[in-house]
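Take a look at the structures below.
The same subunit A turns up in both complexes below, where it pairs with subunit B and then with subunit C.
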Partner chain A sequence: MNKNKKIAVIIILVCNAILISLLELIIPIPIPVPGVKLGLANIITLIAIVFLDLKDVLAIVLLRCLVVATLSKGLMMLLFSISGGISSALVMWLLYKKMFGLFSIKGISIAGAVVHNTVQIIIASYILKEPIVFYYLPILLISAIVTGLITGSISDLTIKEIRKREIFSDSV
Partner chain B sequence: MPDYLSSISMKNSFLAEIDAGLKACLAILLAVTAINCENRLSLLLIFLYMVLTTVSMGSNLRFLYKNALTYGILILFPYFCGIILSAFLGLFFSADTYAAGAGLSFAETLLRVVKIFFIWYIGSMYIYSTPLPAFLGILRKVFSPLNKIGLPVNRYLVMLKCILNELNESVADFRSNSLEQARGIFRNKASLKTKVGELANIIVFFIANSLHRTEHVQELVARTDISDIKYSLKVAKNEVWAALSFVILLTAVIFSETMRII
Partner chain C sequence: MNIRMLKKGDLILFLGVGLIIVLLLLWNNLSTASGNHLIAEVRKDGELVKKIDLDKVSEPEHIYFEEGIHQTILVEKGRIRFLESDCRDKICVQAGWLTKAGDKAVCMPAKTIIKINGESQQTDSIAF
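Entry: the complex of A and B
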């Protein structure tokens, strides 16, 4: 794949991640806890992990966080989304590439959601200088398992379809 | 993130017209001032300044409310949940280990919570009131030295610009097609497994379609020139007013800090 084509694919995947997360507006969350969301953008991260290399995966996560912060939530939010996004992408990449076959896509997605929520709580605790926020972690971990399973299921089906239709091999 | 693109429309006001670089400096100074304040009156003055800035931004107080809500969900809710859970566990186990031993110092934490909210809000206000080209120009100016050590900052900025262009083009199409189809799925009374399967089909179809635009995006990247992303300082009446208002605030804050009025 030439460099320009790769850049174009990364741009398209970042746009897809942002647009797919709009679907969260209409999908009811099984556990209605403040701060808990499905994280459908994770589907694109998982697709990138399967079909692209680590550098591109990190670029997609970084650019997505920057664009979302620029367009909606603001600068402080960037700290949460980048730290959670990068660390969960790294863990998911390690699980998929280095422990091949041990974890399914659903399992990797759950691990990513767990890491994402844990890192966000660590950041909140660091900012507040209050370890008491860790009491909230078990609630977030339970919700991470549920939301990770849902996004993992969608990712699994999506990745299978992409492989079947050879979407990436056609375009990349 | 329902109306993130429409929110850009508020960037047409007094605050939006101020030079992005000067505004960034003022925002950083305001955040530093907020961090270092110990007096309640100083914090009140900063809060009033922020409300005034929000109004001058042409935005209603909904912006402030939305920010407070996001902040509440991400920071305050876990904190208060932590307090409640630690107190609850304290009923069953040793109180030293839980509520009492958790280092709860309400006044100090409350002050920190307020200061963090101010910093949070200042950051949001800067982003909301700065036109994207100017913001990208500032990013280029600040991070361009990293190019020399091999970090491709310019390439990422071009990509960022292309992403914003692409989003503008595709968001309406996505809303009218994929979003409506997904809405249809969740109106049906099918099982969750069926719904997830159908949603995956929509997403696959959407990804497959979007990848057909690869050539178009390649052309867009080739057309986007890094030299279009630029920043140069301009000083006019608005900038003078902004700097002056900040100096007045700073004087008032220093006065309240040294006199310890409240």
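Entry: the complex of A and C
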């Protein structure tokens, strides 16, 4: 990818991530556990990991968290978005780049969701000064497997389609 | 390479996370005090705001938080809940009534937590 095309791709991915994060806020989740959510922006993070460098991936996650937190959740929740988003992006990047033979895109997505939820509930415990990790983690892990599988499947299909149509290659 | 197939690492991941879930559930079950004397604790910002003996509540009682995010907690005999909250997602209100030892409800935006501790009333009978 040449430099201009890469910047364009990053901007498109950031915009998409922001939009689906905001869209997700409208979808009601009937589980009264803090941290349970679909995490649709994970789809974009995975696409970025497959096609871009680590620093671009992190830039996309940071920008998305900043904008979404400012527009909706408030600054206190920014801490949660950024810590969860960055840690899961790092783990998914490691699994994809260093151990891809071992994991499918769906598996990587689930691992990302597991890390995301675990990091967030640990931070929540520190903030509340109350060990709620053990109480909520089982449900959060089950939720991570389900939502990770959903976002992983969507990412998988999207990544294949992008490869097939060579959308991110220089020739198009 | 077919990336739709589940791979070896995926299975290890599933088993690992599954094992952690089972262990955590077991741990939670074992560590919850089984006493039927219910003491509710309301904490905000890590500070204990109120400790209520739920068995001794005769009339419904409200606890109000006026600073920052407005919240109302309702206490009745044997149960307690977040009644109203100005936070965005209302997870705390959705959690509903807390009725047994080990139950918890939290509101992350407001940094409020309600939890019920079970204490047994006749501890001396098992002291020997």
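By our rule, the second predicted complex is superposed on the first by the 147 of 172 C-alpha atoms of A that agree within 3 Å, B and C clash if a C-alpha of one lies under 4 Å from a C-alpha of the other, contacts with A are read in each partner's own complex, and residues count from 1 in each chain.
Note that a contact is a pair of C-beta atoms (placed from the backbone, for glycine too) under 8 Å apart; a residue touches a chain by one contact, two chains touch by 3 or more.
None of these values were measured; they are calculated from a predicted model.
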item: Which superposed partner A:F103 touches (first subunit B, second subunit C, both, neither); value: second
item: Touched partner set for A:A111, first subunit B, second subunit C, both or neither; value: second
item: Touching partner for A:L58 - first (subunit B), second (subunit C), both, neither; value: neither
item: First (subunit B), second (subunit C), both or neither touched by A:L141; value: second
item: Dominant toucher of subunit A (residue count), subunit B or subunit C; value: B
item: First (subunit B), second (subunit C), both or neither touched by A:L66; value: first
item: Which of subunit B and subunit C A:I43 touches, first, second, both or neither; value: first
item: Partner chain(s) touched by A:I122 [first = subunit B, second = subunit C, both, neither]; value: neither
item: Which superposed partner A:I26 touches (first subunit B, second subunit C, both, neither); value: first
item: Shared subunit A contacts, counted only where both subunit B and subunit C touch the same residue; value: 34, 72-74, 76-77, 80, 124, 127-130, 132, 134-135
item: Touching residues on subunit B, where the partner in the complex is subunit A; value: 1-2, 4-5, 7-8, 67, 70, 72-75, 77-79, 81-83, 85-86, 89, 102-104, 109, 112-113, 116, 119-120, 123-124, 126-128, 132, 135, 155-156, 159-160, 162-164, 166-167, 170-171, 174-175, 178-179, 182-183, 186, 196-197, 199-201, 203-204, 206-208, 210-215, 217-218, 221-222
item: Interfacial residue positions of subunit A with respect to subunit B in the complex; value: 4-5, 7-12, 14-16, 18-23, 25-28, 34-35, 43, 47, 59, 62-63, 66-77, 80, 120-121, 124, 127-136, 139-140, 150, 153-154, 157-158, 161-162, 165, 167-168, 170-172
item: Of all residues in subunit C, those that touch subunit A in their complex; value: 3-10, 13-14, 17, 20-21, 24-25, 27-28, 31, 43, 45-46, 88, 91-92, 94-96, 102, 104-106, 108-109, 111, 113, 115
item: Complex contacts: residues of subunit A adjacent to subunit C; value: 32-34, 72-74, 76-77, 80, 95, 99, 101-107, 110-111, 114, 124, 127-130, 132, 134-135, 137-138, 141-142, 144-145, 156, 159-160
